[in-house]
Each structure stands twice: as C-alpha cells, then as structure tokens.
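Two complexes are shown next, each including chain A; its partner changes from chain B in the first to chain C in the second.
Here is the complex of A and B:
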C-alpha cells in the first residue's frame, strides 16, 4: 500500500489508517496533522472536559459531523447497485467485501435536497459522481449503512462541555459545536439512518 | 452371494473373540463395533440381492448388537447363543440363495428371528447414572450421542479418567491430523467424542474439543498429544479440575517414560472408527467453506474467459500454446471444484427424520391437549435436505400439524357420527422431486370450510363481497395465507386459536420454498411444501431488463419462450400469455420495477415456477448462465420486495437475484400492496 510521504510512521497512526481502510489513492493528509491519539487516558479526565472525536463532512454547503468511532470506512463515491422500487432516501447498495450495504442520500434525509440523486443503475442514466463525494460507512444497530456526502473534511475534537444543545424536534441534529472557524452540526447516526 | 458368505464368516470370527473377551464381564468395544458393522453390511447385502429372510435376520441381529453397544443390554449366554445361531443360519441361507431356502430352514430362521426380537426387548436395569457425576457442561451433554454417553459411563466404571482437550488444526489438512491423533492415542486411550471447538478468529483454522477416556498418567497422554495440544484438562468426577501444562509434563515424560506402567488393556486398533464416523462441524464453518468454493468458481470463470480470449483466432500478442495451457489448467481446476463442491454440499445434507421424530412427540402432546385421537404416520424420513433448511422447517411443519389437529381432525364422537374411523390420521410425507423436495402434511379431517373462509376474507377486507362469489379452488385457498388471516379467530367453529398460516408462508419463502393447499370438504386437507435441496450455491439465468442485469435462480426456471406482442392478453389490468394451452400470468419486469420500457417486436418470456404456480417474466435479453452465491440483503433492506439478494458474477459485476417466490406472489395478487412497501432505511 502506498501512502503519502507526509504520513508519519507512528504505530498508532498506522492502526488508525488501517481501521479506516483507506483506498490507496485516498487523500489522508489531514490525518497527519492530528496530535497523537489520546485513547486510554480519557477515562481519567473529568467528564465535562472530555474530548469527543467526530468526523466532519460537507453536505449542501453546511458542515456536519458524526461520531468517529461509529465510522467503519470512507469510500470514494461510486455508482451503486440499483434496488428496484427503492424508496428515498435509499440510493442503492454496495457489495462491501461480501456484505450487502445500503447507501442513503443523507442530503435528502436531512431535508437539504428535494430530489434524490441518481447514482444507481446503468451509467448512462446516472448523474455524474462528483470527484470529492464520499460514502461514509457507519455501524448501526441494524447493520452497516452508507451515507453519501459531498466532501469529507476532518477529524475534529470537541469538548463535551462546549457542545450546545439544540431544541428538540431538530431531527437528527443533536448538537452544535465549533471547530476552528467552522460551525458544526452534530448528527446522531441512529436517527439519520433510521 | 460370495461376499455375503465372507461377511458371515468375519462376523463369526469376531463373535468368537467377543465370547472369549466377554467372560471377564468386560465387553471390548472395538470387537463389538466390528460385529455390529458386519451385521450391518450383511443386512445391506441381503437386501440388495433380495434375500428377504436373511435381511430380516441381519436386521434383528443388528438391533440386538446396537443395544449391546449402547450398554442397554448385557452380553449374556442366551444373547451369545442366539447370535452364534444367527451366524450359522446366515451361512445356510447364503448357500441356499440360488434355489431358495427349504421349509425347515425357513422355520428355523423364523424362530430365531422371534428369539432375537424377544432378547432385544428385555429391559436392562440401568444403574445410577455415573455420567451425572461428571462435570460436563449441559452444552456438551446435549450434543453427546447415546453411544458416546455409554462409553463415558464405561470409562468411569473401569475407574479410568475422562480427559478433555482442545486441538486446533489448519482447515486444509485437519482430516489427516485427527486420525493420526486417534492412532497415537490408541494404545493408551479411547477417543470418545469429537466435538466442534470454540470459534477461532483465524479463518483458516478449525478447532475441535475431544473427550477421551484413559487410565494412563498425564505424562504419557501429554507425550502423545504434545505436537497438537496446548492444554489437557481432566474432567473431574467429584473433585476440582486439574490443569496441567503439557510442555512441562512432556519434559518429565522423557526422563521417566519406562516407569509408567500401561494400566489400560490395549484395545484393538481403531476402536470407534466406523461406529462413529461423523465429526460434528459447526454449520457456519461449512458456510464459510462454501463461500470459499463460490469464490473459486468465479476465478475459474475468469480463467475460462482469459483462455477463450487467448485461443481466439487472430490473437497475435500471445502464443496459442499459452491459451491451450491455460484452458487445460482451467478444466482441471473446474473438475476439482466440482468434486469439492459436491462433497461440501453432501456434508450439509441431513435426513428429515431428525425433524420428523421431534414432531412425533409434539403431535402426541398437542393431540392430547386438544382431546383428539389420531395417529401420525411419517414417510420419507430418509430424504435429505440442507441442514439449514431442515432446522428452519420444524416450526412451519409444527404450525401445519397443529393446524390440522385443531381445525382439521374432528373430535372422536363427531367422527363416529360421520362414519369415519374414530382415530384421525395425519400423514407427513417427504419425497424428492428433481432439485426439490416435496413435503406433504395431510389430514383426513373436515377440510377447509370455503363459505367460512369467504366470510372472514370479506370481513377482513381481503375480498370485495361481489368477488366472493367467483372465488374458488386455489384462489380461495391462497386466502388462507394472506396476512389478514393471522388474527382471524379461527376458520373452524371449534378452536379459538388462529394459527398464522401467513407465518408459514413467509418462513417458506425465506427458504425459497412455496406452499400449496388442496382440500376436499369432509375428506381432509393436504398442505404441500416444495423446497430446494440446498441454498448454498445455485445456477442463475442472467437476464437484461432496460439496461439492468438480474439473475433468476435456474432451479425456478421452467421454460423460456419468445412471443410476439399480440400473444399477450390483457384483462382488468393484468396480463397473461398462453404457453401450450395453459394461461400463465405475465409480469413485465421493467414495468414492475418502474423502469423505462423498451419496445420489442418479440419478447423473451422466462416462465418461472414453484410447485404448481407458474409466472411469465418478460425480459429484454437473455445473457446466459452463471454460478452464484447469493448474499442476503440484510436486516436494513428486509422490506425490499422481489429481490432475494445480491450475487457477484466475477469481473466485479454485482447483480440482484430475483426472489421468484415473492414475484409469483405478486403476479398472482397474493401480496396486496407490495408496491407500496419498499426500502425505507431501516
């Protein structure tokens, strides 16, 4: 596996990369900018100072984030296997090393888009797949599920205390936070992928 | 019959050894197993050559020996006498095989048969069960066979110890390691049970848990086991369990090997070989192997394509000889794969008798509770099916039997009034039928009450009142399986328990099976289940519809016809075609799946069928056949209709496999509102 030369060869980083199962051609440069992971030290810290790790991504101009621990892998977006009579927001399925994995249009699920994108079926009938689009495969109670997002940004750490609650009824958005100059909308996976 | 004579002679020889060994009160299991084996082969031979009397005798002897083997009967003089006389009669019968036995010989055989059967029936008092003293988990206890339990008891009775250990071998050669280990242990220990071990993370390894009986010391056992085993545990009889580090022990063994006396009388070689030739393997492990074979198949298909390409005329980049070599290798690989695949499929097959026996007991109980008198007759228990299917079948079958007892069979007094025999009769039959097995559950009860079914169907909104008049026959019976009937109080006035036939229907559909009913008022009802032999790997017909590729399991394809557009009849929004005089409903897959429809002068129609149902599927193009391993859609996509799963055709081409049973349901209108339900996430 060829890795960009900027990736430092610390074992924890290698583990992390493996866990993500990056494609060889995937851009992982942002990971190298991360401080070393702090697993194992965390439980000793007081709860409100706890840092939570999120994976942030862009969707229709807004920035969202999901808990990093639930993300199994990030795939370059590709055309999917079409499921006849599928209902939105199901886009199609992927055969992920033998496990049939459904992929959902997250933008539609969050009410950001009106029409489902056409990314399954014969290529000539499909929308072009944007170069930066990714499929986040996440672990849920009912099995792995994929989310189609516009762009993956970063792994961010958010102090639990700094998460601002949102009024109930905001759907899958369960909190707001800021990372640098960006506002983040934190999503709860089980609700997005209901 | 020369072979029969030989077998009878061998039987006689072993019997003499048994007699000699038996004097001390100890019945050597190896000799007993050998005698049992010979009697068994004799029975087979006799049956094969139509020697009825001999087969019966051998069968009776085998029964008796089985009881001895399991410790249910002690080897005493009358038993020995009867067996010895049996040997003599086998000889005489075999010699007289050409001309047929004379009256005197027949009379002697009959009298011996009577004696053998009588001896088999003598109940043996079983002493307090030693086995309960053994600290074995209930998990292990539940999987031990009667023979294995007997050997454990014997081991304890001889005051030897039961040891337990785990071994782990590579999947590819465990079949060599296991007999080698048994061989090494044979001078000092008896391998009593080989059980599947704990799950291992390593997918290339297989783990077994062995129970052995031995009076030899730890050091000797450790030395014999060392290359394979890390830890040896005594299964304690009363006291705590001892754990022994084998490596350390083996070191001690080297120093003091001669000092250890051999306490166990050395048993004859291969103590258990043919009496217990089965190794229980976790079904998931077999599944994994099946998947591996499936992948190999895809590689073989790729190789084939390469070879075809390279041998095509006009190819200049590669020498033709290269292609020919490739083709040769590909053929060899395909042949081996065939052998491997059929071997694996065989390993998954188990006789239906396993389920039938369980059902017998349940039926008796249910009948008693319902106050019905009846007999359950089972036939075809020897028919084999995929283990997974057999396991999944017991619930639906129990549903159907319960249904027949509750609603079908009348109360004894009612039956007498109807001039029917007082005892009802339930039959459970299995028979193979091509790539399928047909199982019938038949009762001689009152039959389906058509008027009542219509009433409930109208009540539940499954049928418009004006439709009710037209419904009859199969369409009427299909109503029984519609979901609305689950909550119906009951079809019969008798019982309050509505048994969900739709659950049976759904369970069967999951096994790619179908169910059918036939019923005659007053005479009874017959439920017929048609099931595939195995689910593991199927051939698929690859079709193209509006630029999409789908696979149809070939075992469901009845025929393929090409029709002009005028051959399609349309009535009330439903289309049908006529296939050699029979009207078959037609579904245009493009229309059903809401895809752009292409215009064709002639259409290809794939006629699919399960049991008696037929359905035509209009497709654009037929692309060929392929082997496929179908992966299920999973929990999240459980509500997708008409798709059984996903298969990989090699070349990284993934296709959807159509769910023929569900499509037939839709084509016949049995699944109302199917279109409305589709894949919502979760």
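Here is the complex of A and C:
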C-alpha cells in the first residue's frame, strides 16, 4: 500500500513572527556547531544575581550611567543643525547616516544646568565644543535620540541586587550603585525626555 | 453596530543593511553594535562563521551575514560593524554594512514575504524608499548548519 504523502504546512505569518521575536528559552541546539563561549551560556541566574551592564559618563562633575543595551552609538560631539524655536532641552539635530536624529542637553534635562548650550546654528555663534564631549545615541520609544554628555567613562557591570533605590521625586534617576570607588546614578533616559 | 478591532500587535525593529538590502531583526535580540574588531580564527569552524571576537571576556562567534544572505558588496559609504544578537542564551556577532535605526511598527503594516527568498525572511516592512526584510536569525543559521543544508 502506498504511504500517503506528508504535506508540510507552510508557516503562517503569526508562526513566523513568533519565531522572529526573541525568547530567552528558544531552541538554539543547532548552534552547537559554533565555537563555544568562553564563559558558557548566558547564565540562567535569578534576577537578584543578575549582572547588568551600564555605560557610565560624566555630567557636571557627577557620574551617571545608562543601560548599555540602550546605547546604539557614541559619537564625538559636534555642532548640530539648528531647529528654529526648539524647546529645551533639545539642542538640535544631526544627520546620522541619513536619519535625522534629535540631540538633547542631558545636563539641562536633569536640571544640572540653567542655560542650554549653544551648539547648533552658524559656527561663529556657537559655544566651542569641548574635546571630551560626546553624544550618546540611545534607543527611545520615539526612535534614536542623542544625549550630549561631558565625557564618557566606561562600561561597568552592576549586580542588580546592589542597586539602591532612590526616593520618589528623583526624576530620571532610578537608582544608585557603586563601581569601584565611583558612585553611579542610574538613569532612565525616557524620563529625561518627558 | 461597530465591531471593535482587536488591538494591533507591535514589533520593535532594529534595522541594518547588508549590501544593497535593508533588513530588520527584533530589537529585543540586539545586545550591542560594535565597530569592526579583529576576528580570531577558531578551530573547526566553516563559512559563514569567520571565527570569534572577545567581548568583555566572552568569546563570541562571528558570522558573515553577507554570505548567509548571498548579499552583494557593501555600498559606497558603508559603515561596517558587528551586530551582537542574542540567540537563546548565546550571543552571536553578525557582520553588517551599516545601522539603520529602531522603529516600532504594527504587524498590520507588514507585507507578506516574497516567495523567492530565504525561509529566514518572515515578512517585509516598507519604509519608503526602503523595503526591509524581517529576518529570523535562528532560521537563518539553522539553514547554514550541515544537518540542515538545503533547507534555507
């Protein structure tokens, strides 16, 4: 007797999108052919033992940090394209490989500065751009956005359990942590832009 | 009576280019984007795996995405880099020619995948003048493994 042919159902869009979305427990057994990671797989650690990576930077003498995963690029600070009647803390925009990206004065957004720096428009009317200033391009709900900071320090790993809460009303600062001898103020960038 | 539409699902896409084509992956997969780094050859690896890079003490395999996608050469002005993605609990770095951006899109705005492309393409998303191919990276690599050869 002839065995009936097996008809392979073509995956629906919903099936394909399910596979498209990242799931930490998704099957990747086929990756065994790839070189094994030095430290084994990413740990299945409980949240409290989790190490989180942050990019630290300086603003007005204090050290802040944002989740490394939110940072898309770090650019040397440069003069920006002026937006007429832009509202602080928007400094201006830059052309990031064809994408118009807003750049904000993070110090002003955090209330560390009183006056917005003049870094957009005709060069002769702008403040000098400090050599160590950088623009962190971060992902936000509204798309990539640049944050002007005084100086980038380094990438630090912080145990989630060691993050100390801050009292209500701390604005965009969502926690405190220490890295070496430095106190870090952990920021949620979306809150700065609200 | 008007029937309320069910709320539309949204996806957060990270877009990038390889050759003349634009692609997108789930933003949740993206760990970081790095400038090109020196790749250390590893034993027993075969194309499209180029070798490994050391990322903060972790050895991460590097995959030549152009080869997986049979893509053409980088366009003029390309800014190549490594797109480090999560696959399950592993990290894999993919060579790309440039970063696009991050976009939140409704699934209703996606178009059906063309029939003549890799099974790893799950749908298309148009952002005129560009069309992005949404990539299932697991399917893409599964199609490269010796036991699955020919299924991609």
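Everything that follows uses one rule, which is that the second predicted complex is superposed on the first by the 151 of 194 C-alpha atoms of A that agree within 3 Å, B and C clash if a C-alpha of one lies under 4 Å from a C-alpha of the other, contacts with A are read in each partner's own complex, and residues count from 1 in each chain.
The working rule: a contact is a pair of C-beta atoms (placed from the backbone, for glycine too) under 8 Å apart; a residue touches a chain by one contact, two chains touch by 3 or more.
Since the model is a prediction, treat every value here as computed from it, not as a measurement.
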item	value
Partner chain in contact with A:109 - chain B first, chain C second, else both or neither	first
Which superposed partner A:155 touches (first chain B, second chain C, both, neither)	second
Contacts of A:171 with chain B and chain C, given as first, second, both or neither	neither
First (chain B), second (chain C), both or neither touched by A:99	both
Residue contacts with chain A in the superposition, chain B compared against chain C	C
Chain B versus chain C as contact partner of A:67, first or second or both or neither	neither
Which superposed partner A:143 touches (first chain B, second chain C, both, neither)	both
Contacts on chain A seen with chain B and repeated with chain C across the two complexes	99, 143
Sites on chain A touched by chain C in the complex	13, 16-17, 19-28, 30-31, 33-39, 41-44, 68-69, 71-73, 97, 99, 139, 141, 143-144, 155
Chain B to chain A touching residues, read off their complex	291, 547-548, 592-595, 631-637, 640-643, 645-646, 648, 654-656, 675, 678-682
Contacting residues of chain A [partner chain B, same complex]	81-87, 89-90, 93, 95, 98-102, 104, 109, 121-122, 124-125, 140, 142-143, 145, 193-194
Complex contact set, residues of chain C against chain A	9, 11, 25-33, 42-45, 49, 51-52, 54, 56-61, 79, 86-92, 98-104, 107, 110, 112-113, 122-123, 134-136, 138-139, 141-142, 145-148
